[in-house]
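Naming follows writing order (A, B, C, D, E and F), and every chain is counted from residue 1.
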Amino acid sequence: MAEIVTVSRKAHFNATHRLHNPYWDDVRNEKVFGKCNNQNYHGHNYSLIVKVTGEVDPETGYVIDLGVLSQIIKEHIEERYDHKNLYMDLEDFRDLNPSAENIAIRIWLILRDKLDDRLSLRIELYETERNFVEYSGPELIK
Amino acid sequence: MAEIVTVSRKAHFNATHRLHNPYWDDVRNEKVFGKCNNQNYHGHNYSLIVKVTGEVDPETGYVIDLGVLSQIIKEHIEERYDHKNLYMDLEDFRDLNPSAENIAIRIWLILRDKLDDRLSLRIELYETERNFVEYSGPELIK
Amino acid sequence: MAEIVTVSRKAHFNATHRLHNPYWDDVRNEKVFGKCNNQNYHGHNYSLIVKVTGEVDPETGYVIDLGVLSQIIKEHIEERYDHKNLYMDLEDFRDLNPSAENIAIRIWLILRDKLDDRLSLRIELYETERNFVEYSGPELIK
Amino acid sequence: MAEIVTVSRKAHFNATHRLHNPYWDDVRNEKVFGKCNNQNYHGHNYSLIVKVTGEVDPETGYVIDLGVLSQIIKEHIEERYDHKNLYMDLEDFRDLNPSAENIAIRIWLILRDKLDDRLSLRIELYETERNFVEYSGPELIK
Amino acid sequence: MAEIVTVSRKAHFNATHRLHNPYWDDVRNEKVFGKCNNQNYHGHNYSLIVKVTGEVDPETGYVIDLGVLSQIIKEHIEERYDHKNLYMDLEDFRDLNPSAENIAIRIWLILRDKLDDRLSLRIELYETERNFVEYSGPELIK
Amino acid sequence: MAEIVTVSRKAHFNATHRLHNPYWDDVRNEKVFGKCNNQNYHGHNYSLIVKVTGEVDPETGYVIDLGVLSQIIKEHIEERYDHKNLYMDLEDFRDLNPSAENIAIRIWLILRDKLDDRLSLRIELYETERNFVEYSGPELIK
């Protein structure tokens, strides 16, 4: 028997994006993405919740030290994306439309690599208070 | 392997209800439902979170277009329930006590019918900030 | 010189109302109040912030004991309005349309009477997160 | 004696901006505005609270019909700024740095022009949950 | 087939704690727990969400009466922990570091004992808005 | 004519306190302060909003650089009070009951000293979401 707990840490970053599929023409991009396709970009205050699940260490009472987790998020996510244009300032979304879904998948991949294998990871990403997405890693197709 | 993401959209409606079982007498209704049984009704600002899970479309980066989901919620839920008396203005709760549980089940049934079969659906319904329910569809009894 | 501080207490009540002017005919009521005129009522989770301003007592460090203020709000506002139909269950809005403005004025009058004359009073009333009103008592017309 | 009430309506728009003074060179812009000077822009989910103060109409119980106020905000602010690049997509900030202060002043000027002279107006603009500004119109220097 | 719904109730308590492992020396405690090890304690406004899952009773439309659940939380959690020093005022954390993880486990154990066996229980505990944990009971090690 | 804008910055600190008047005996302290007098302390997550009012600088569009204001709050308030016991860890409340009112006054005095004389200052301090105070400096008794 083990005490499995999920610990979560909330973070924020402000960024600019534009929904756009470079393999489509302008008419189709405009039709599918509407005002989110604005060629001059628009922006969001993204809120990010990083959820880490694992066994509680009996000596510390921690699944993971939230100060350590907070530092990992700061270094690898906030410094990478905050006050950035997701298209022009970095490579991450050169060939990938920066929908909330794809940003969440990208953040999961970055953080997965920084965490102990015994911990599992789930990402919640809020584009606005009313629109948000969740991702827990790739799944086998049933 | 597939990228399965959950996307969520938050909506609101203000409605009036009264907890009441028409097969019980007044004494039992008053005893079980207390002030929520007030025959002159009381109301809530309901907050609704609609959570849709499915594969990310590689061309759009979307599970479902949140603009489309938002429009489905507006047309089939908000216009149906907003500024309504859940008892007197519609048929939905003629024989069903409009507890938060039952309203969530009713909303799930309405929306399930409007979504692609490959998508799964979960409903969160907040009666107040402190009281809320979640429903993901009927389950086989184990 | 005096230390003047404003202390605030937040409270909640759920109620049903209907916007309606009894001196108008149905057509005009419907035209002016739209869906808020629904004869079967609709409801809100009202949030109330009671703001009391006065001198800090040097012995207690209090303007007013927030436990006392909280009890006054509970007894005179929450018990009066919570889970009530503002039209049918009480006299307050027999001749007064229960708009957020008028409910705030009514609450101010009730609480003003329970507070020490050296304290001043301001009411904030949230009908929803996006619609709210503030009232500080009657003012001389300039 | 008059019943003076303030009514407020909350709205939202997502936009992209960049802090930049065109009369300064790049070194000074970078020094003063830091990461907010990113030439590729960054974005925010702005929250706007429009506060209108005036006398309560005894017939309607309204200072201003919140449906009307909401429509004015939608038409003149949300449609103007939502999903826009505040630099490239409109004239408003051609010669004016789009700091939260200046955006709030600009919104006040637009809305002031649409409201009855007997009403006074105050703008609150949230750039993030932690950074926000308020403006009530120009004041005489004392 | 059964209608399985999760109902949730939010509660609050303010308490003081200190992260400290009594089997470690001061240097190691300071190194691992940092400012959270302050021997004079620090405090939090804890927010607690109690989530109860079960079948909807067809007569009441309830999984559990939220008034009853609220009363159980008040009596067994809020009265136990509110305005308390988690170290000095009670036995619960004599030999257990009061990390958010351990407090959540302790609350789950207390509430599990008060609920019908047919209901399942999940605890969410917010130490701050940005740091929170979730626990659903002990799990078999896979 | 001048453009006077108020800019606000939100911050947080977690601290432990106890309401206690050292010139009173234990019976009177217990009677007046109730559970807030617990000799083993209790704690809060304080939220602080610092509001600074002044003229907009036409070159920067700023009243005050929010990065600078944020740094002042961090250095002089957060580092002073966060994860501290307001009684035992510092001198500020040796002779002053740490009620929310008195903490707000103390924070105002500290920050007033760090800001340009042309700026005016208002403090909002939230002890919990439902209890909060505001202070704008000493006033002449009318």
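To be clear about the criterion, contacts are C-beta pairs under 8 Å (C-beta built on N, C-alpha and C of every residue); 3 or more make two chains touch, one makes a residue touch a chain.
These numbers come from a predicted model, not from an experiment.
Following the contact convention of this document, D is the list of chains adjacent to both subunit C and subunit F. Steps from subunit D to subunit F, minimised over paths through touching chains, total 1.
The copies subunit A and subunit E differ by a rotation of 120 degrees on their C-alpha atoms, rounded to the nearest 5.
The distance from the centre of subunit A to the centre of subunit D, with each centre set as the mean of the Cα atoms, comes to 30 Å.
Each chain gets one centre point, the mean of its Cα atoms, and the points for subunit A and subunit F are 35 Å apart. Look at where the CA atoms of subunit A average out and do the same for subunit C: the two points lie 42 Å apart. Residue positions of subunit C touching 2 or more other chains, listed in rising order: 129. Chain pairs that touch one another, listed by label: A-B, A-D, A-E, B-C, B-E, C-D, C-F, D-F, E-F. Interface residues of subunit C facing subunit D in the complex, by the touch rule stated above, are 19, 21, 23-24, 32-34, 96-102, 104-105, 129-136, 138-141.
Across the complex, subunit D meets subunit C through its residues 1-11, 56, 59-63, 65-67. Considering their complex, residues 12, 14-17, 35-36, 38, 40-45, 82-85, 87-89, 128-129 of subunit E touch subunit F.
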